[in-house]
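Take a look at the following structure, please.
Just so it is clear, A, B, C and D label the chains in written order, and each chain counts residues from 1 on its own.
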């Protein structure tokens, strides 16, 4: 961290400020370029609030040279992290394909879709049991009943399940019954929830906030990791921009930038990004060639009658065709996607 | 709600779609302007997801004519709401002046500042006990200890206290010891927290999310009100824009627009908006002339050594001078601010 | 300018880079804080492209300590600039009140409105002759005919005229017939136009771009001033945000921040900011208490039949009532607005 | 266009408003859904300003059902447009690969790079002669000298040239000497320039504005086309978002959305989007799989000494390696890129 001091500052003022800063546990070196004085802070500056330093009247500018995140930082962990989820992994050569409906609607629905998805090559099942809805009058999810239905689908197909947690109240139930806990975009800075998840060992899918920067996103991952849970998977799901034709704007550059800054795996959710089914293919393929470690795709057997987000769902057939293309493209890029499988009905 | 159908749609398709929609509890009327067919939905459409309707292949565009919020809507509640907090109110002629440090740091600190604030004319005391910090390595607040210190300051000065709640875990403690529960910008769409607060009777200060629209903000108020708690005060605290010179951009138009759309009181927080103490005066005065029902201002006796947000704090003296100007301006606008008072030490 | 070098850089690499930089006309000093090497650039760095320096593989971060604008910078010109326009000024104690219709529609219209505006206390007349319209099929303005009509209105009332220039083609005509040349938001970075205006002496009203930062805006002022024309007045007219309820978001903090960074006068355009007539009063009053040097307000005698922007226009009566309030508020703030006048018809 | 009228409006008011609207050349049909009255406008509504209609006190909401662009609209031109540039085309099966330095620096530089680019498979040469720079003190381009150097490079390699026009002053020179005229992001709404270009026949590369929506972008294309020049190629070059780690955010969804809305070709500029050379590959490959009709890539023989934008340039070798991968990926997608060629020095 470098502090640029105001012009005309006196020597004793510099000394006093340096002493105050050293009392926060860092080493301070003082240098000058004739016109100005600078203080360089050496040591662990992650607890120092750059913004706060502006309250000192001597300070003109504060520049953070070190990244504020440590555990998520590739500098201190050069190898890619590979997250283990049961027998599956995310972050290695094989892409993690997470698919399923926006909401769990019934046991029959989720089991039927799960089988179709597995047949097409998906290796994780998603489905919302607790739903974050803008309106209190919209369907809020089947809640614990939905979790049970997901477990039935898992028992029938062997697919690990991914579902969103919105409340610290249900952490224990999620740890017991969910393979990957999803933190939604609107809760990316629900620090209380992040801390609670950090105390568990369950893998976490951390969606990027609607207007979050990469650094804020990595700081939210850091919250989880600081608690001891290093099993974090990042998910780019589109950001808010001025464009109204699409639901969100897919930030494909997030993939190479996050790969540069961090060792954590990153996947792409083209369904929420575009918000319309005809945009899913372009988003999914872009994710693969940009180097993403997986995809999260909404699939519903009857989109027009889905209880939420139907307009962005693929049908199982559309999903199967997309997987064929995606599989070839992944191979082209030196990655892989599970083969289309045959599931025997019990 | 009006649904524009795609051109070339057949009569039986229109009928089928209308029937599906009527099954959701609304009345559907069909009309045409030669080139196109339209469906008008009459009745309570607040539970219908406009986005979802796009999943029907017949639908080209959906236009919500009715507002999606009801309890927060001025149309159904033309009079301004006045929120009662002990002997004080927010929403009437007198402005609510909430002041205090970003964080509660010690009993002595908060009691001393509280007395100075009351003397200057503030009628509510703020101070963070639980702090939402971007970094897990930054100071997170004194938590329950901080709440106790706030209560001591209240006992000494009689000022009702306002402090931020970040977790459903502490709802009971807050209901017992806090006069206004603050929901921070990052939790504006933490729906689980909003629902829990909705089950209490404690007044709520709902800050606008960093990138939230007015409608999203009102829908978050609606979440609280739908639970039965209609004591919601809105707080504009600046939104995220491309500008980096200021912490956030104060959206002063929020005041007249919210007054048009809703009957809820709205206050302005110029401290978080600008993020620098020299911007507080312009923001506070703009709030008053734009018609805000109050101000929320950060004050610290020693900003440079504040544990958080020092750069945007006023000193008690600066605050007292600002109150003098604000009081005259409020009178000019036909409003009022409490007179500067003398506090006797017990 | 400070350059942070990558860790592990060798001494001779530092020297080489320093030599290259010195060849660009600055002095380079080298310092280190044990872990890292830094280069400080002293001298006139305004021509050095910070972005470009990243192309050197040794460079990790570049921090501009000096502002990139010089002539617009308050540091080198501590006194407020007062721009002279005929017998009027903008930037002094008296506020500049610019009012008029969006578009000049006919001689009768503009003369009639001009008289009403002058009677209400406006001291500048605005009216668009060349109109920037999003659609090529919308009304594009009366062009040179419109300029002539503005001159008639000036002859009848004595009010200096303000109108938008969109093309270098008409610079001479504007210099001859216009008192303040307006550069619209969409042309804020039309550098060719800025350069041409910089070669004239005519005062310029430079509107802020739809998504421009303060620094970009000041750099556009710098373009004009670098050509020798220092008569620049800045105009905040709202920026684009995610909010769709209002046309733009009025950034009231622009006033105190620009006053801190620059000596140039700044005025507020509440009509374009909100885009609706009911928002004009709050915006105008906020501008006055925030310290703006003037207001720009759209007024039309028949808003519903205006050829453009009718929804944000005040009627002459509404304008006159607003001026009464604004005059008192200006006095409250130690500023002034011209008295309501009586105009004798020739 | 549908107009929702305010509740409680009287029959004669509806009639009067309908009559006014019909006077603007459209047919108006009136319908009601019990609670409300609506007016449907049939005919060519492209010249009607939806915003303006709000000035009528009877109007509550205006919904544009028809797109405001006609010539750029796929509905009226279902086949993809293929733009001819000499012997080359953009918009067909073969991708247009435009490459070259940010600025033309010398004849030797541009000729050398041009040969290297052609050898690697590029089929268009770019190079800035007139440069839009944020600072008036930065290098502004070699101007007409630069144009001549580009022509020498064209003569030596046969590559058509693409370069940016910033001023109506140089339209004739550009028409005479340039194969594709580029309109930069900052001039996307320089309507005067768009109109002038619309009067020529020279193909135009229209970059998306920094914060422009798809519709605004298409309306700018419409300006050019309305003048008679239908040879418009759109170029997505990244939009401004809150992210500061990258120069801009590449909006890859622009490709499928523009393909849906318009028949015009669209290419991707990954160099300006990310602003860093390591992001070019991911952006370029995403563009290809998303269906773009070409790429625009900055290449410089010595990026660290480039006169502008060096940090985002590839070296000729890096470009050649990228072309190899891009060629295979294009084939995978059923498209093609020119083979690497051998150029004989004259």
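The criterion applied here is as follows: a residue touches a chain if its C-beta (ideal position, glycine included) is under 8 Å from a C-beta of that chain, and two chains touch if they have at least 3 such contacts.
Predicted, not measured: the structure shown is a model, and the values here were computed from it.
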Touch-network distance, chain B to chain D, counted in steps: 1
Computed distance of Cα centres, chain D from chain A, in Å: 32
CA centroid of chain A to CA centroid of chain B, Å: 28
Contacts with two or more other chains, residues of chain C listed in rising order: 211, 240, 242, 244
Touch-based graph of the chains, sorted into line, ring, star, complete or other: complete
Contact footprint of chain C on chain D as seen in their complex: 46-47, 49, 51-57, 68, 132-139, 166-169, 186-187, 189-192, 195, 210-211, 216, 219, 222-223, 226-227, 240, 247, 275-276, 303-304, 306, 308-311, 313
Interfacial residue positions of chain A with respect to chain D in the complex: 211-215, 239, 241-246, 249-253, 255-257, 260-261, 273-274, 278-279, 281-283, 285-286, 288-291, 328-329, 332
Chain B contact footprint on chain D (complex, rising order): 2, 4, 29, 31, 33-36, 38, 40, 42, 60-61, 63, 65, 240, 242, 244
